[in-house]
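Look at the two complexes coming up: chain A is in both, with chain B in one and chain C in the other.
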Partner chain A sequence: MSTGIVLAILGAAIAACAGIGSAIGVGLAGEAADGVMSGDKASFGSTLVLQALPGTQGIYGLVIAIMIMTKVGVLGGNLASVSTEQGLALLVAGIPIGIIGILSAISQGKAAAAGIMLVSKKDGKLGQAIIYAVMVETYAILAFIVSFLMYSGISVG
Partner chain B sequence: MGADFIYATACIRAEECKLLNGEKLRAMTESKNIDDICKVLQDAGYGTESNPLTPGNYAQVLKDAEAEIFRNVKTLSKEDPVFNIFSYPSDYHNIKVLLKAESLGINRNDILLSNGTIAPEDMVRAVTERDKMDLTEYMGMALDEASETHARTKDPQIIDFICDKYSFMDICRIADESGNDYVQKYVRLLIDTTNLKTFARVKKIGHPWSYYENVFVPGGNVDLQTFIGAYEEDYKQSAPRFEAYDIYRAVSEGGEEIDTKGSFTLLEKLCDDVLMEQVKEAKGITFGLEPLVAFLIARQMEIKCIRILMTGKLAGMDPEVIRERMRETYE
Partner chain C sequence: MAIVKMNKLSVIGMNEEKKSLLKDLMDLGVVEISSSTDKLQDEEWRKLVVRDGDETTAAQYDKEVSRTEAALDVLARYGEVKKPLFNVKKTISAEDSLKLASQGEKFRQEVDELISLNDQLNEAFSQENTDNNLIASLRPWTSYELPLEETHTDRIQLRLGVCPPTADVNAASEALEAEGLPCVLTELNRDKDQCYLSLWYFTEDQEKVFDVVKGCGFTLAQLGELTGTVSQNIERLEAEVADLAARRDKLTADIKDRASWLEDLHFYHDINGIRRDEARIRSKLVKTESTFTFDGWVPVAANTAVSQLLEKYTCWFQFEEPAEDDDIPTQLSNKSFFEPAEFITRMYSLPNAREVDPTPIFTFFYILFFGIMFGDVGYGLILMVATGLVIKRSGMKEGAVLQLMKVLFYSGISSVIWGFLFGSFFGDLIGAVTETFGSHRINFSPLWLDPAQKAMFFLAFSCGLGVIHLFVGMGIKAYEEIKDGKILEAINDVFIWYLIVIGIILWIFGGRVGENASAIGKWMSIVGFVLAIVLPIFIEKGAGKGLGLWNIYSGVTGNLSDILSYSRLLGLGLASSSIATVINFLATMGGKGFAGIVMFILIELFGHTLNFAINALGAFVHSCRLQFVEFFGKFYEGGGREFEPFKKDTKFVNIVEEGK
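And then the complex of A and B:
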């Protein structure tokens, strides 16, 4: 296996690390959801929607990771010929969604947890709570786009 | 950002909507039927099906509710030591009772409080045997100083002064150790309001200013010199001295009522209100210890309002008079 392939796989691993942030974010929102369920106002459905929001970063990371692995042939079984420079470029392509994914998912988890508390105090605030939490998603999407554009610009083989 | 307290804060936020707001309390003051008030309070969580709140048992129900709320919040905080600031006054109350009973040669263990950090039976042993093992350092110092000074002066009131001083020193210690700005600000303001209330009473009784020096609690925002400077003046003259502090309104408006009517009611209400204003800062804190502390104080203030309401209604007071005494609520 060439150094290029190893670097590309490392890039895929970095991209998949966005899942760390999602796990933390979903966990934070889940704790808040558990807490407010002790009251009477919050419903399971509304808290579940908010809890799920920080999970998307993990999906973006997974998509980039699969794309990188497919490009270098790790998933198909036929390893492509990847130079060290190409491998390094694929590694760098995994960084935006990897790092921004972690940080944005944690922040989104906190915003979602605060939204869950809002829903528990006032009726009819679910939409607003979702919008506040979704604002954080913008930056995860931007990172995903950057990673995707970098990935698209790299040709291997 | 207090992420450790997310679950606890969420539980508290869900409970906050059950707090009685000012409007509900005001409506209750207008109510002609005491049973209707009891029903509203029952719906708000005071009393149980097996032990409903009635005009006859409301004092005990409120006392039980206060103890239960404290236990629940402390458990939610994973027994955070900061909540000792609410328990130390009971410990010091027990020390005062035991020392005074000892000097009179009587037993008044029946009036010991059980919501302190030290169980009443342990406190009895600690005080009678002068065993300071279970006591905090300040409690030990209070015990020594109060018993020595009392033996010398034979003045039982000195026990109160010394114990109150050390009680606040323990509270300040906990606030400092917590490193929490919100708690520290609250404790400083609590000391200011306590000093102001003592100032008003000591002045009214006619004690000299040197007497006030002994009862002044250090650690607040307002220093002793400001109070001493205002001691010989009436409140209208002295109010500008307090302009830079949060207790200014309590001094100017509450003091004016003392000057004109000789009543402490407004001053005490305004002291509680300024504390509640400070407590409300926790609303802007998403997660952390602050919402827990704020909720506990909010509940305590609510219980105080209910006591004022029930006492007033049972005494047949005019709704307007009861409303004037109602405290600001956490809403």
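And then the complex of A and C:
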């Protein structure tokens, strides 16, 4: 296995790290949801939707990771011949979604937790609460686009 | 446009006709009656009128409404009444409603009975609890065989007590003996919390005995006033608990038998609600000895109907155009295709009555953007079928949920169309299946392009759509400003930016279109920038004259970030199709064998369900966001107040007049 492939796998690993942020974010929102479910009049469905919002970053990271692994052939059998430079480029492609995914998911988790407080206090505010939390998501989407554009610009073999 | 024009209505009528006039207005249901607080704060008015009101009657009906709600709660909890997924009001004709209303006494008894059943049930519950607690506290004493009421004989006291489990009972007995106090201290039982003792002693030794036993933590047990032995008591209580349980079952069954009352209660709830509102509205009126008066709002279209109604009474009334500073309520009225998206407008804020209703304008963009972001034939079809079924089966006639379902249905159609354009059916499901289980890969080729292959082009396309969307929004602002006669402002705020944005785009990318395009773009933007500096000098006063440079800065950065924000169309579109592709890839990793097929089905079902849910939510929310932040940001004020006509505001039944 060449150095290039190892570097590419490292890139996939970095991208998948976006899941760290999602785990923390979903956890934060989950704590808030548990809190309000114990007393206030909040529906399970609305808190669940808000709790799920910070989960997308992990999925974006997963997608980039799997795409990188497929490109170099770690998934699907035949290893491609990847030069060190190409491998390094793929590693770099994993960084935007990896890092921004972590940070944005944590922030989104906090916004979602506050949104859960909002829906527990006032009826009919679910829409607004979701929108506030999703504002943060924009930056994860931008990072996903950047990672994707880098990834699709690199050809191996 | 799509905001209903309102007229101000003022009415002066005779007190003896007040009740029937208000009732007729309620039946008509098109007049919003404003509160008269303003009048009562005015000196002149205060000399003439006092506040009307019938709080006692309102309170009576309100009490009946809450009692009915309590009864409905009881039915919901024990009556095994199936709760429908979506609330649908039952339709009742006015004639039937009169007939039903005459049975008010019967309904009231039904409410009474349900509430009393519930009270009995609660009583049984709490009695059962008390008994169970008593049983638990008696259990440790079972080895004490004397009747509990025997607390003493002529000379001897028989006492029960407890001490901490760490206490040494033998030492206490020895200490008593050493003091020369003849008594019997028996350990009956011991658990991890306490040690249970009986203590027999001569009455005259009482103080000395207690001095000793207190040393080892002895306290008297509190078992209450019981007769008979401990075991007898436990037996009696257990029998009582069994009785109570049977009683509870019977009561629950009784409530269940009354589940058929649900419709009665719904009707009773609403009819009392209507009567309460009838009484309550009177506190918005003011009256003199023989007349009353109120102001209100009427949609212009309903003017004739209202005048016809009022002409039947001895009263004076007039319709007026709203004045400059009136707080006009907003009622939206859109054609059937656009009507569902009203709930999206409401989610942000109702338009105030003086601006344009954005609903019909953004509906098209909303559905378009949703389709691009969700963009998959399979997912789109599922969304269409699911929402279509809900719309058809539930029988809903109005409400935000129905509107949501309709918007999602249209968005599903849009997703299917974009799915064909992008060549996406559950991602690359067709390709993945034919490759794994068939002989060779058959691709579902896109009718237009595959965003993953031509990401850069699609990014530009997304931002281009964004420019159109934003320009439409700015166009509305220009329309409103020109309508107010502020033509220079409209040029400064909107048309200059058309020039600058198009100019810069041509300047940068025009080279690919034609030779001169870039130069044209350059000059367009330069002219735009110059105007942006010059115009504020004519429009603004004082320090505002220098605003031009600031406008350029905020306009350029604002427009740039707004336009780039539409890159989410590419981002979410890619996310939904690439996640689906990854799912298909994982699912086909098991190969052709039996285990492979099972794995394929499981992963496909789970993965696509998850992806569908995430991306449907994402497309819905981000399409909303593009309207709320980017589009509304260009022109929308909001802050409107919902038009709330005085009408029959019911929760469960719809009472309709004949012939409507």
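The rule is short, and it goes like this: the second predicted complex is superposed on the first by the 156 of 157 C-alpha atoms of A that agree within 3 Å, B and C clash if a C-alpha of one lies under 4 Å from a C-alpha of the other, contacts with A are read in each partner's own complex, and residues count from 1 in each chain.
Everything that follows uses one rule, which is that contacts are C-beta pairs under 8 Å (C-beta built on N, C-alpha and C of every residue); 3 or more make two chains touch, one makes a residue touch a chain.
These figures come from a predicted structure and were not determined experimentally.
Colleague: Using the overlay on chain A, decide if chain B and chain C clash or can fit next to each other.
Modeller: In the superposition, chain B and chain C stay clear of each other.
Colleague: Between chain B and chain C, whom does A:Ile145 touch in the aligned arrangement: first, second, both, or neither?
Modeller: So A:Ile145 only meets chain C here.
Colleague: Who touches more of chain A, chain B or chain C?
Modeller: Here the partner covering more residues of chain A is C.
Colleague: Should A:Leu28 be classified as contacting the first partner (chain B), the second (chain C), both, or neither?
Modeller: first
Colleague: Have a look at where A:Val134 lands relative to chain B and chain C in the superposition and call it first, second, both or neither.
Modeller: In the superposed model, A:Val134 contacts chain C only, not chain B.
Colleague: If we overlay the two complexes on their shared chain A, which of chain B and chain C does A:Met1 touch? Say first, second, both or neither.
Modeller: In the superposition, A:Met1 touches no partner, neither chain B nor chain C.
Colleague: First (chain B), second (chain C), both or neither: which does A:Leu48 touch?
Modeller: A:Leu48 sits against neither chain B nor chain C.
Colleague: On the chain A superposition, what angle, as a multiple of 10 degrees, is formed at chain A by the C-alpha centres of chain B and chain C?
Modeller: 50
Colleague: Once both complexes sit on top of each other, what is the least C-alpha distance from chain B to chain C, rounded to whole angstrom?
Modeller: So the smallest C-alpha gap separating chain B from chain C comes to 9 Å.
Colleague: Under the stated contact criterion, what part of chain A meets chain B in this complex?
Modeller: Where chain A meets chain B, its residues are 28, 31-42, 110, 113-114, 116-117, 120-122.
Colleague: Quick check on the complex: what are the chain B residues that touch chain A?
Modeller: My answer: residues 1, 3, 6-18, 286-287.
Colleague: Could you pull out which chain C residues touch chain A in their complex?
Modeller: Counting only chain C, the residues touching chain A are 347, 452-453, 455-456, 459, 565, 567-568, 570-572, 574-575, 578-579, 582, 585-586, 614, 617-618, 621-622, 624-625, 628-629.
Colleague: Residues of chain A touching chain C in their complex?
Modeller: Residue list for chain A touching chain C: 49, 52, 55-56, 59-60, 62-63, 66-67, 70, 75-76, 127-128, 130-131, 134-135, 137-138, 141-142, 144-145, 148-149, 152.
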